[in-house]
Structures are given as structure tokens and as C-alpha cells.
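What follows is a pair of complexes built around chain A, which joins chain B in one and chain C in the other.
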Partner chain A sequence: MLSLEIIEENPHHILKLNGEIDASNSVELDESMRKMIDDGAQSILVDGTHLHYISSAGLGVFMSYLEDFQEEGIRFIIYGLSPSVWEVFKILGLDQLISIKPDKETVIKEI
Partner chain B sequence: MITHRLQITCQTTALAELRAFLDKVLDPLHLSQQDHHQLKLAVEEVCANLIIHSHQCNEHDLIQLTVKNAKGQLIFEIQDEGEAFNMLDYKAPDLKNVIAQKRKGGLGIILVKKIMDEIQFESKSGTNTCRLIKRFSS
Partner chain C sequence: MPKLPSIHIGKLSFLLAILVWLALLFVDLVRLFGKINNMDAGIAQEFTWILEALFFLMIYFFYQYRIAKDSKNDFLELIWRAASTGIFATGVYVLIQIFYFLLGDTKLAQDPFLRNFFYHVHFALISIFIISTSLIWRSLILYQKTKQVVKQWQTYELILLSCLFFVFFQPISFDYPFLFVLAITILMAVVLSVNLKWIPYLTFKEKWKTLLFLFFILLCASLLFVQTNRFLSSTEMYPINLMDNLFLISLFFFTIIYAFFSFLVTLFNLPTSSVFEQKLTEAINFQRLSQSIKPEENEEQVLDILLDSCMSASYADGAWLEVYTELENGIAQVRFLDQKSKKELVALIEQNQLRQNWLAEKMADHMQPLSLKIDHPKYLTALIVPIVVNKSLIGQLVLFKEVRDGFNKEMVNIISTFARQASIAVENHRLLNQAVKNERYQEELKIAQRVQKSLLPSKLDHDEAFEICAYSNAADEVGGDYYDTFQLDEHRFVIIIGDVSGKGTSAAFHMSQMKGIFHSLIQLNLSPSEFMIRANAALSRCLERNHFITASIFIIDTQKKSFCHARAGHVPALLYQNQVKKAEYLGIDGLGLGILRNIQYENHVEEKTFPFQGGDLLVLFTDGIVEAKNQQHQQFGFERIRSLVEKHQTQHPRELQTILVDALHEFVGGDGMIDDDYSTVIVKFT
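And now, the complex of A and B:
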């Protein structure tokens, strides 16, 4: 099960993920990411506090937008990941390509 | 040796069922949270690949998973009767290419190879067997 919610908290678009992302529902993550970009988001924060699981299908969605973010100068940060989920990002080396922060407070303080 | 078996249909919605089964099998082993999580992920990645690429999500096709726990190692045996896909022959893409080409695939096999200690593959009389082995020092 996965639920996604986009919250506009000027100047950020916050995408809250709740549940598990796999090949059956990664298209929903893709649609939400696309929607935020189409809405002109300049700062996308992904709240992974309630993301219990993500397979390569979901990780691939994030990866596929990295170049767009760079080209269009969109800030992209993921925060709140559980240690197990964070570890999966690390296995792939995605923690070197995506800004991952422990929590929202850290994000707000640092930007 | 304890053996657990599960049969799933080749649909991506069966992946949640697969994870629930793996939780049930792995829970009594009291692995670290990360090992538990990663083993579940690796098995799911192999099954997701089969479902999507070898079986084109055909719900009439089946995948059999057998989990054996023996002598400090866990063996996950995944069998199907689709087009053989030997991930040992598959050259995983470079991450930079994945980004540049905006590809959404190719990451799963990297994960499986990094998580598991050994991967075996054989294809015999129409049945493909992928064996994922994880060793634990006791």
C-alpha cells in the first residue's frame, strides 16, 4: 500500500510518502514527481518518514529526474528515511547523488 | 533444514504478497533489521524482473519461491518457466548512464549482486532456477 500527498509549503513542494513503493505502484511516484515539476516547483522535499520500503522501481523514478533537476535548477532533498531504507540508497551510491537529510528541521536549517 | 515455499502469479501486485511471505519466513531468524530488509529486497528484485521482463505481467504464469535455511546460510530458490534470464551474464549499467539516459531500470540487479553472497543460475528442460545465497557467520 502506498499513499502520496503533495503539500505546498511556500517555497517548497513537500511530497509525503506513506507505505511501500515497488514495481506495482512506482508509476504513482512518477506521476507525483511530474506534477510538482509541471506546477513549477523550485524546491522539492520528499518526506520519507513513513516510507517503509522502496525497491529499485521507486529508486529509478528519483534517478530519472536528477538531470532535469540539475538543468532546471530545482532543489531536491529527501529526508526522514528509516535506517533500513537509507541503507538501500547507500548500497547503490545514491546518497552521493541525492541530498539526503535526517529530518525536516535539518533541511530547513541548512537551506 | 527448514524449507518454506510460495507460489505467486506473474503480476506486480503479487510483490506485496511476496514481501509478506518473506517477513513471515525471516522474522523467526532474528536477523538485523537491515539484513532482513535487504534480503527481502533482493528476492523481490529478482521476482519483479521475471514478472515484468520474462513474463510481461502474464497473470497465468507462475513463479515458485523456495527458502531453505541450513548451516548458516539462507538459500532463496526462484523458479519460473519463462524466457531464461541469467543475471550473471547481465552487465549492470553505470549509475551515471542511468541518470543521463533517464532510465528507470537496471538498478535492481545491482542491488541483488551487492546484497547476496552468491548467485547461481541454471536453465534445465524449460525451468529456470535462480539461487540467491546469503551466508551468516554464527
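And now, the complex of A and C:
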């Protein structure tokens, strides 16, 4: 079960994730990401506060856009991850490539 | 025991009949000779009677055999056989008369012996005609027989048999006993003659032919029998009356009565025969529709039969059948309509208000055929029949008639039944195809499963310094988990465990790539981190953009009692140290393979060497175990694995593995499925 919501909060595009991401619904995540990039988003924030689980297929979606972000200079930040989800990012080593912040305030402050 | 040659009843009875007839002829000629010359030849009348009875029996057997042999012949052919025999007998009689007419008053014409010979020929032909026809009637009477009819017929046959011998007791014909028995046989013939069940099965044309044949039979029988009376007039010429036999007379009446009944019933059945034919066609069409079509055939054939059946059931003047395919409304079949009128009719039907309401109801499985009045110069009525398969409308059948209100209730009923039957056939056909396809996929997957199993090592390399065991289970038929071992030299062993992102078939393909990369790179004697860098470079070229592989590699040196380890995004391995009685996860940094597809990867992988001692345990696994969830959506987690290992560290690796897997299943719950691949490799140092 996954529900996605894109909120445009100039200059950010905030993607709110709610539920679990697995192989069956990772396509929806991919579509949302693609949409934001096609919209010309320059700063993408992913709100993972209500993300309970992410499978390797979901991680694969984030991973596949890393090059695009780098090439087009898009800022990409994930925040609000629960410890267990954060652990998954960490084990895979994605925390070295994606900037992951504890909450939205931290993100805004740092920018 | 010598085998008796099988007796050919047909030939034997035929031969005997001829012999008996010749004997009869001889006996009678001798008697005539005696009479003319005023000598008593000393041949009793009974002798002739016996021969006569034998002759009848032989003919009876012969024809019984012949008709039984060709019993599959149709009615028309049977009746034709009777009629042709009659015509032949009459023809021979006429020829004899012509012969005598030509002889005029010559001496030969007066010759009693020649006359007697022809009399015997005439007798033989009448007997053959009457007996063969009776036997044909028998097979017609016993068509669709009931027990009662069979009993009636058997009684009749018995009476006839006794009639054969009647002459011995009552030589004087046409006195009261004779007439009494004759009356009984005639009565029985009438009773039997009501069995005319074969007539409705004749088509209209066949009925006409039957009438003609029956007429010939009646004509021939009457003619021949009336003529026999002429022979009776002179006892001088013919000393013994062969025709004056109760058996023959009874059968003659039977032949006449049944032919007469059949004639009348056939005549009165003529007007209704088209209805019966119609019903029969419908029944056959039903059967054709209900026979489920074979997988390699297509649905079009069913729809073809449906269209023809509906047209013939409703006497429609034109029709088409359309099936909605994914691309467009393909018109599969059109009958008796030219392009122009079809276009006009399509337009008329599209515009029809009633039809739009009918379509709007949307309850596909409750749709009934819709009868419409249309405003077309030629066609005045249309009937739209929905074709519903699996609760959705797959097409429609449109029938047209050139008369107003052309489709009555019976037609609509039968047509909607046809449509339902066709729908079932189509549905069955689709299900069957689906099943066949599924079976093939299952088969393919089984092969894939077997191939993949063979990709995992059946024998794990090790020496006496450590024991090792491994286990892998795929969530689907095939999975993306991988483990392998390799012996570098005498004291150095490599163990790898990997997990491809995702699961199922795509993961399985990448897993086999991983195996190839492992076996080619490991020969180069690389350090763990270098191995990961090279593997990352190789996989970056093979993996799709959103796929990656996590792996952990260990190079164990049993001489130095240490292992060097690098981790590429894989779940950390658990090391139990016997000395401190504690298990610890080996948390070193490392990025999954295929995530960063450039030289930068070098900065994201590290390696570390750990010493080991006897009694230490190294437990490797994939994330399927860690992330397995129970009914309350809790994960199995790292902590449970750690405490299980600490608790059971004394066990042999294989037992520890069983404990782990059992604990995992127990955690997930009785029939809860673990929906990811999971694997474990356990090493125990000695």
C-alpha cells in the first residue's frame, strides 16, 4: 500500500510518501519522480515520515535518478525517515550518495 | 479338434431355397405327368406341402440374414428394395403373359408342363416378394422398438409359423377354421401396423419418394395376387394349389396393410415434415455448438455455426455477426447482404432509440435479444442478439427479415439459447487456451528453477579449519539470492553471498551474471575491495539502471587465522567470538554494486581483516531474513538473529541453520509466506 503526493512549495517539490514501497508499486514512485523532473523541478524533497518500509526495488528507483540529478544540478534530499527505513538506506550505502536529513526544519535551515 | 468351417447362412439358405424349389418343381411335374397319363405317381400331397414350407423357411432365413446385414441402410433404401422386388416379380409375370400371347394357339401354348413350370416361377417370385417385404416391414416396425412391440411381433411370428403347417390339418381352404385363423393374423397385422415411427425422420423429399415406392408395392402385390386366382381355375392344369397357403395369404395381407398404413401416414405427414426437419436441425446445431472447440481452432468457427443456426431457426433473410475486438468492431461474418444495404442497415440500427436504451442497461449477462422495426425498403424487422462471454458483451448478432414482426417468440427463444450455448463454447475455448498457456509457463519456470538451482554450488569449498553450510529459498519459482565458494590456494578460501534487487525472473537472470563475474574475477587473486570495484565496473555495464546487487565477500586464510572482508551494500555479517561469548555485526562501509557506475565507486568501498579463533561463528544471510514480517508487521530484525546465534552457538552449523530457518517460519506465522528470497551461509571455525 502506497500513496504518493506531490506538493509544490516554491522553490521545492515535496514528494510525500505514505505506506510501503515494494516491487509491485515501485512503478508509481518512478512515475512521480519522472513527473517532477519533467516539471523542471530544481529542488526535490522526499518526505519519508510516513514511509514504513522500502524494498530493494524502491531503492532502485531513487538510485536510477542519481545520475540525472547530478547532471542537471537538481537538489535531492530525503528527510524524516524512520530508523528502520534509514537503516536500509545505510546498509546499502545510499546514505553516502543521497543527502538524508532527520526532518524538514533541518533541511530548510541548511539550505 | 478340427475347426468347423464357418457356415455362411446367406449362401447356404439361398442354395437350399433353389434346391427345394427344383425339388418342388420336379415333384409336381411328376405328379402332373402321372395325372395326364392316368397313372398314380404315388406321391402324396403332403410331400409337396413339406417342400413348400421348406421353401418359405429358406427364403425367410435368406432375407432375414440379408436385411440384418444391411440394417444400417436407411428407410428409403429398404422400401425401395421391397418395391424393386415387387416390380421385378410383376415384370416377370408380364413377360410370361407376353410370351403366351405371342405363342397364340400353338401346341406349345397348351403344353401343361410348360405352364406348370411358369406357374412355379410365378409362385417363387410371389413368395420372395411377400416374404422379403414382410421382413422389411419388420425392421421398420421394430425401429425404436419397445418391449411390448417386440412381444407382439414374436407372437405374430409364432402364429405365422403355425400357419405354415395349417394345411396339413385343414387341407380345404377358405372354410371356417381357415378364415378364423386368417382373421386373427389380419387383426395382428393391423395392430402391428400402427408402428410407424420411422416416417417423421424422413425429409420432405424422401417422403415423396416413399409414397411412390409404397404405391408400387401396393400395386404389384394386388396385381400378382389377383392373377394367382387365374391359376386356381383349372385343377386339370395345376394339380396342386401352391398359393392356397395360409402362411402366404396372411403375409400378403400383412404386406398390403402395412404398406397402406404407411402410405396414408406418410401422406398426412407431408405438411408437417418441414417443422420436424427444423427441430432436428436445431438439435444438431445445439450439439455442434456445445462441443467445446479444440485449443488450436478458433472462436470464429463457433460464431460461424451460431450465425448459420440462428438464420435457419428464424428463416432470416440476411444477417451479420460482429465481434468487438480490441482494435475495432470487426465484422466477422455477413450473410446474404450486399455492401450497400449493410451500410444502410448499420446506420439505421445505430440511430435506433430502442437499441440505445437497450445498450444503456449495461447488464451484459441479463441482456435479451431485441426485436426492432426498421425503416428500410427491403428489410422490415431486425433482431439483435447479444453475445455475452464472461459477463461482458463481446459482440452482437443481427438478423433481418423482409416481413413485419418477423421474429416470433419461439424463434427468439431458440436464438437466445443458441447464443448462450455459443457463449459457453467460446468461454470454454478461452479458458482452455489460458490453461494450456499457463501450463507452458509453469513448465518453463520449472526449467528455470532447475537451471538456477544448479547455479548454486552443490559442494562448498573448505578445509579442516572450518565447517560450512548454506541454504537458499526463493519466494517465487526462481530468485535473486546467490552464494558461492572458491579455493584460492591451500589455505585461502573465498566465500561470497549476494542479493539482486527485486525478485523473480529478472533477479534470477542478474544472479547468473553475478556468478559469471565472481568466477572470472576471483581467479585474478584480487583483494576484497578490489574485487568489489571490478565487479561494480562489470555490473554497471550489464544491469538496468534501477537494478543493483548487494554482496559480501570473505577471503579466509586458515593459516593466518584471519579473514579479509568487504561489503557492498549487503546486510552486515554476524561474527560470534567464542572468547568473549558475544556476537557482533561487521559494520563496515560499502556501497551496493551498480549504484554508482563510475570510478567514484572506489571511494565508497573499504575492506578490513578480522582474526578468528576456534569456536567462532560467521553467519551470512540476505535481507529476506531480516525483513521477513509477522502478522503484526514487525520485522524479524538483526537482534533476533544475534540472540539466536548466541544462544545456539555450540551447535553444528547445519543445526544452527535449521534452528534459524525454523525460528524464521515460526515468527512469520503458520501459513504466512515469506515474500522475499532468503539465504544463509554459516561458517564455524574449528
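Just so we're on the same page, the second predicted complex is superposed on the first by the 111 of 111 C-alpha atoms of A that agree within 3 Å, B and C clash if a C-alpha of one lies under 4 Å from a C-alpha of the other, contacts with A are read in each partner's own complex, and residues count from 1 in each chain.
Just so we're on the same page, contacts are C-beta pairs under 8 Å (C-beta built on N, C-alpha and C of every residue); 3 or more make two chains touch, one makes a residue touch a chain.
The model shown is predicted, which means the values in this text are computed figures rather than measured ones.
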First, second, both or neither for A:F69, with chain B first and chain C second: neither
Chain B versus chain C as contact partner of A:S24, first or second or both or neither: first
Partner with the higher number of touched chain A residues, chain C or chain B: B
Contacts of A:P83 with chain B and chain C, given as first, second, both or neither: first
Touching both chain C and chain B, counted on chain A across the two superposed complexes: 23, 30, 53, 55-57, 59-61, 63-64, 66-67, 84, 88, 91-94, 97
Residues of chain B that touch chain A when the two form their complex: 11-13, 15-16, 19, 33-34, 36-38, 40-41, 44-45, 48, 51-52, 95, 98-100, 102-108, 110-111, 114-115
Chain C residues touching chain A - in the complex, by the definition given at the top: 499, 501-504, 545-548, 550, 568-572, 589-592, 595-597, 604, 623, 627, 633, 635, 676
Chain A residues within the chain C interface of the complex: 23, 30, 52-53, 55-57, 59-61, 63-64, 66-67, 84, 88, 91-94, 96-97
Residue numbers on chain A that touch chain B, as the complex places them: 1, 20, 22-24, 26, 30, 53, 55-57, 59-61, 63-68, 83-85, 87-88, 91-94, 97
